[in-house]
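Working notes, structure below.
For reference, chains read A, B, C, D and E in written order, and residue numbers begin at 1 within each chain.
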């Protein structure tokens, strides 16, 4: 028997690591990956709760999150590729201007 | 991918586009060790993704200095060098060289020798086209065709072995005729081949010609128009696939090609598939020529009786003092040729094989230049591959039929 | 001489003052280096010599002037004719204008002649060596190019020759 | 809580059997392919080592083991080492859900003839297939060679594109069987193989698997005439053997999957009485399907890369969507109106759609200037 | 210590280690690979929690599609490594401290305030009660039909957006 708190703590740790990645890394791709990690941490908590209350709603919610994440990655990576092509870099410190 | 430091760009900076310098396009070395460069050819590709911006050939890896070597040998002995030229068309090279020597010293060849020369060179043409077709199929990953083609080529090599004792480097055609008369089995061997081969050509066609994937790979790829082809000195099947009806066998008949009835296959499309079709049709035309030559093969001597240039047959040496002297003189010292130059060309499987031969009155050629068709045919590759994909480059390269021995000499 | 060739040869003689040589039905017309571009353009455009079949050179060493003959073998597909232009070039600093603009096939052929004979083709778009390695010394088809002979290596002189052999040793 | 030790033992033995069968199958598939290719190409093939060359795979293995392994100087050593492993593992574990029989009784217990009977078996196949691409991408990247890189990128783009068509033809059989469990899918085919109901689905599945395992005519990633050997250009020795192994195991596994979801899996006459016949039937089906793969390799030229991609997206994807829809609609109508006519309309309509696709492909071929040839 | 707990702890360790690996790897390819491992581990958690469908979707979509896309982009751009630039000396410790506070806060809030009742189901039981894909599908297509359709439109929009963003020829023509 695993108390659901364990899952929640794990999820919080993973989420915090994701936040840390967004804060300290400058590579736009790794920042993007950190965001994915945070989404995953949230998903994990949702599925854990869903298991506790024995309802499918949580799983369905996670299913939607995964679908949205796929859409987000498609657009986000396209943006990063375009930024790289115009700036020759994906260092977020250098991508500060709003005009290309 | 900024990986320019791996290639020294200084030597060919003027050949690639500006985008290569900024690293926007990729430079890729194709060869000298690469399965589909048909020998040791290096192509420096400038790629945008997989689209070819520039394909710069780099040749010379097989350069053996044949022209220089031939200057150091007598006219008779220099002939063996020509076998090593285009190793897919050895008898054809011999023929070109012998015709050049015959023209330089004004030597006649008896009709039987002419007919045998025609049969052998046409057989060799089929063999060369077979290797072409096999390699072409292999480059498109139709691997069975390769083995089928080599099976048939084997039959031709057997016929060559029957005549000369050698399978590839035959040196069977000699100035003034041929080395010796063909054996009695020759005719039946060639007839067997003629009987078997048409069905095999149909088989290749069944495997390839209407295959949708093959059509997709070939039609409209690597289009070479007639004007560009002539500008680049392209000859042979590649030129004929671009709509120019130019075949030295028809235009300037030699060896009695005018007695035979055959067509010169011409396609106007100029793409890779047209080159394929021309090659396939040439199988059939060559078979026609061989059959006719075999049917009216005249009897008689196979060598000119001009003993000043042609060594006497072995049988005479034992009984004739004069023959012995001629034999000795011709093989040690050689015969003198006039101080003049000639250019003589034949139609090799790849195009116009021209020999520029200059004598200085002595027994050795003063200058031999071999105008080899693959050399000029390859020079067009950059023109016709621009804008195609790497996969197309392989098909185009295979279709223009290069032999590196022919290019580098 | 072929009847159809006569007007062409006459035009060459008139326009470029070229001398004519004939041997076994082949016609050689001599032109000066500075005229070669015009002569080839004339032959290509007016007399339909579409194909430059061969472009090579001959070295008449020890003779100094003209030491080289650059040979242009032209073929007319339309008329089924051939003619050869020869350009005598002086021995020291041999220079000929490039004909790449008239016949593109000359690009590689001229590179080959430059590689083998050291004749410079002025204005050539890609003046690299073609057959010999880039760092090669000398021009092999010149008659004064030293011929290398290699002494046969037998058991009795194996080590002696091995020392002199130019391969990489440890 | 803990399963008793005999169950553990049973699992262990079954996993070992599957793994070893795949390893041995790989070895003898190379022999089979070489012999079959040789027969097609009018030659003999390996016949020196042992009777009929049967020991040839062993000789090859010994050679590869003792071969020197080269690591390119600028390669990423860690990834370069792991890439073959990452390629090989999915090709073995994917076989876990394939049932090779029902069950039989031995040693006083019932032994089921499959390693894992999970109820999302088909989804498992999909997810393992989707991570198989990693090894290839990593091999291409870590070799630090442009050819390998191009091969790796080609492979992954190709596998991702064809996964969709593959997924839809999985979906078709799921709809037909009304379950994602592999055993249920096989059971549903008692009396009627799905290939009869949905022939187009089987064809699409087969074409997509050819692309998925990089076999001719879709062997773009390793097109040796273009990219020397693609992503494994720089590999030698045992690491190369691992890639080779992965490719051939994928061939076997994917043929087994095709046999399972469209050709009735282990079903065959008498399999109910003698469950041990199941693996035999499956093996026969796999061998026949493998032969078709080899046959195709011997006959067809390689398709061009951009055509392959457009074929995947423009033909395979819409076609597989269409047949999924037709199948679902047919079953729904048959259920609602209680009329089997609609069920039998599925093969008819799908075949018509498939023929339309073939005609479309045929019309778009660039062959018009050569109509008279 | 039951078997479940041991399994959980090991997997949790792996998940945290791979997440940290993602965070500190110098090479973006390594980061991506660590993240793939992390996603696979999370998928195993889903299996333990009796959500096999989500687990498989996680592997297929996250590991098989999204991360491959990431790898693609990293390799295409050649952006494995960034040139080192000056880092503010206090940035990293501050970020770490903030992250720690975040963990503490989240744990505290989630565990004390929003305390859910009960434990998660053990795997053996979860398989029996929760593992009903048919039920999941029915619920998805009845109760959540609208969100489902909206998601599909979202995916379509994202696809069009990605294609428009990267379609260079069109822009060059303009």
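Just so it is clear, contacts are C-beta pairs under 8 Å (C-beta built on N, C-alpha and C of every residue); 3 or more make two chains touch, one makes a residue touch a chain.
All values derive from a computational prediction rather than experimental measurement.
Asks: Remove chain E hypothetically, without shifting anything else, and describe the chain groups still held together by touching.
Replies: A | B, C, D
Asks: According to the touch definition, list the chains common to the neighbour sets of chain C and chain D.
Replies: Both-contact set = B.
Asks: When you take the mean of every protein CA atom shown, which chain's own CA mean is nearest to it?
Replies: D
Asks: Which of the chain pairs holds the record for C-beta pairs in contact?
Replies: A-E
Asks: Where the CA atoms of chain A average out and where those of chain D average out, how many Å apart are those spots?
Replies: 33
Asks: CA centre of chain B versus CA centre of chain C: separation in Å?
Replies: Chain centres of chain B and chain C, defined by C-alpha means, are spaced 22 Å apart.
Asks: Between chain A and chain E, what's the gap in Å when you average each chain's C-alpha atoms?
Replies: 6
Asks: List the centre-to-centre spacing of chain C and chain E in whole Å, with centres computed as mean CA coordinates.
Replies: Roughly 70 Å separates the two chain centres.
Asks: Could you pull out the residues of chain D that touch at least 2 other chains?
Replies: 149
Asks: Which positions in chain A are in touch with at least two other chains?
Replies: In chain A, no residue touches at least two other chains, as defined above.
Asks: Pull out every residue in chain B that's touching 2 or more other chains.
Replies: Only 1, 3 qualify.
Asks: For chain A, which residues are in contact with chain E within the complex?
Replies: 1-10, 12-21, 23-27, 29-30, 32-34, 36-37, 40, 43-45, 47-54, 56-57, 59-60, 62-64, 66-75, 77-82, 84, 89-91, 93
Asks: For chain E, which residues are in contact with chain A within the complex?
Replies: 2, 4-5, 8, 12, 15-16, 19-20, 22-23, 28, 31-32, 35, 38-39, 42, 45-46, 49-51, 53-54, 57-58, 61-62, 65-66, 69-70, 73-74, 76-77, 79, 82-83, 85, 91-92, 95-96, 98-100, 102-103, 106-107, 110-111, 116-122, 126, 129-130, 135-136, 139-140, 144, 147-148, 151, 154-155, 157-159, 161-162, 165-166
Asks: Which of the residues in chain B end up touching chain C in this complex?
Replies: Chain B reaches chain C through residues 11-12, 14-15, 59-60, 63, 65, 67-68, 72, 103-104, 106, 230-233, 235, 244, 246, 251-252, 340-343, 345, 352, 354, 356, 358, 366-367, 369, 371, 375-376, 379, 408-409.
Asks: Spell out the part of chain C that touches chain B in their complex, as residue ranges.
Replies: Those in contact with chain B are residues 23-24, 26, 28, 50-54, 56, 58-59, 71, 73, 75, 77, 80, 82, 84, 103-105, 107-109, 116, 125-126, 128-134, 140-141, 147.
Asks: Please give the residue numbers of chain E that touch chain D in the complex, ascending.
Replies: Listed in rising order, the residues are 2-3, 27, 29-30, 33, 36, 40, 52-53, 56-57, 59-60, 63-65, 68, 71-72, 75-76, 124, 131, 133.
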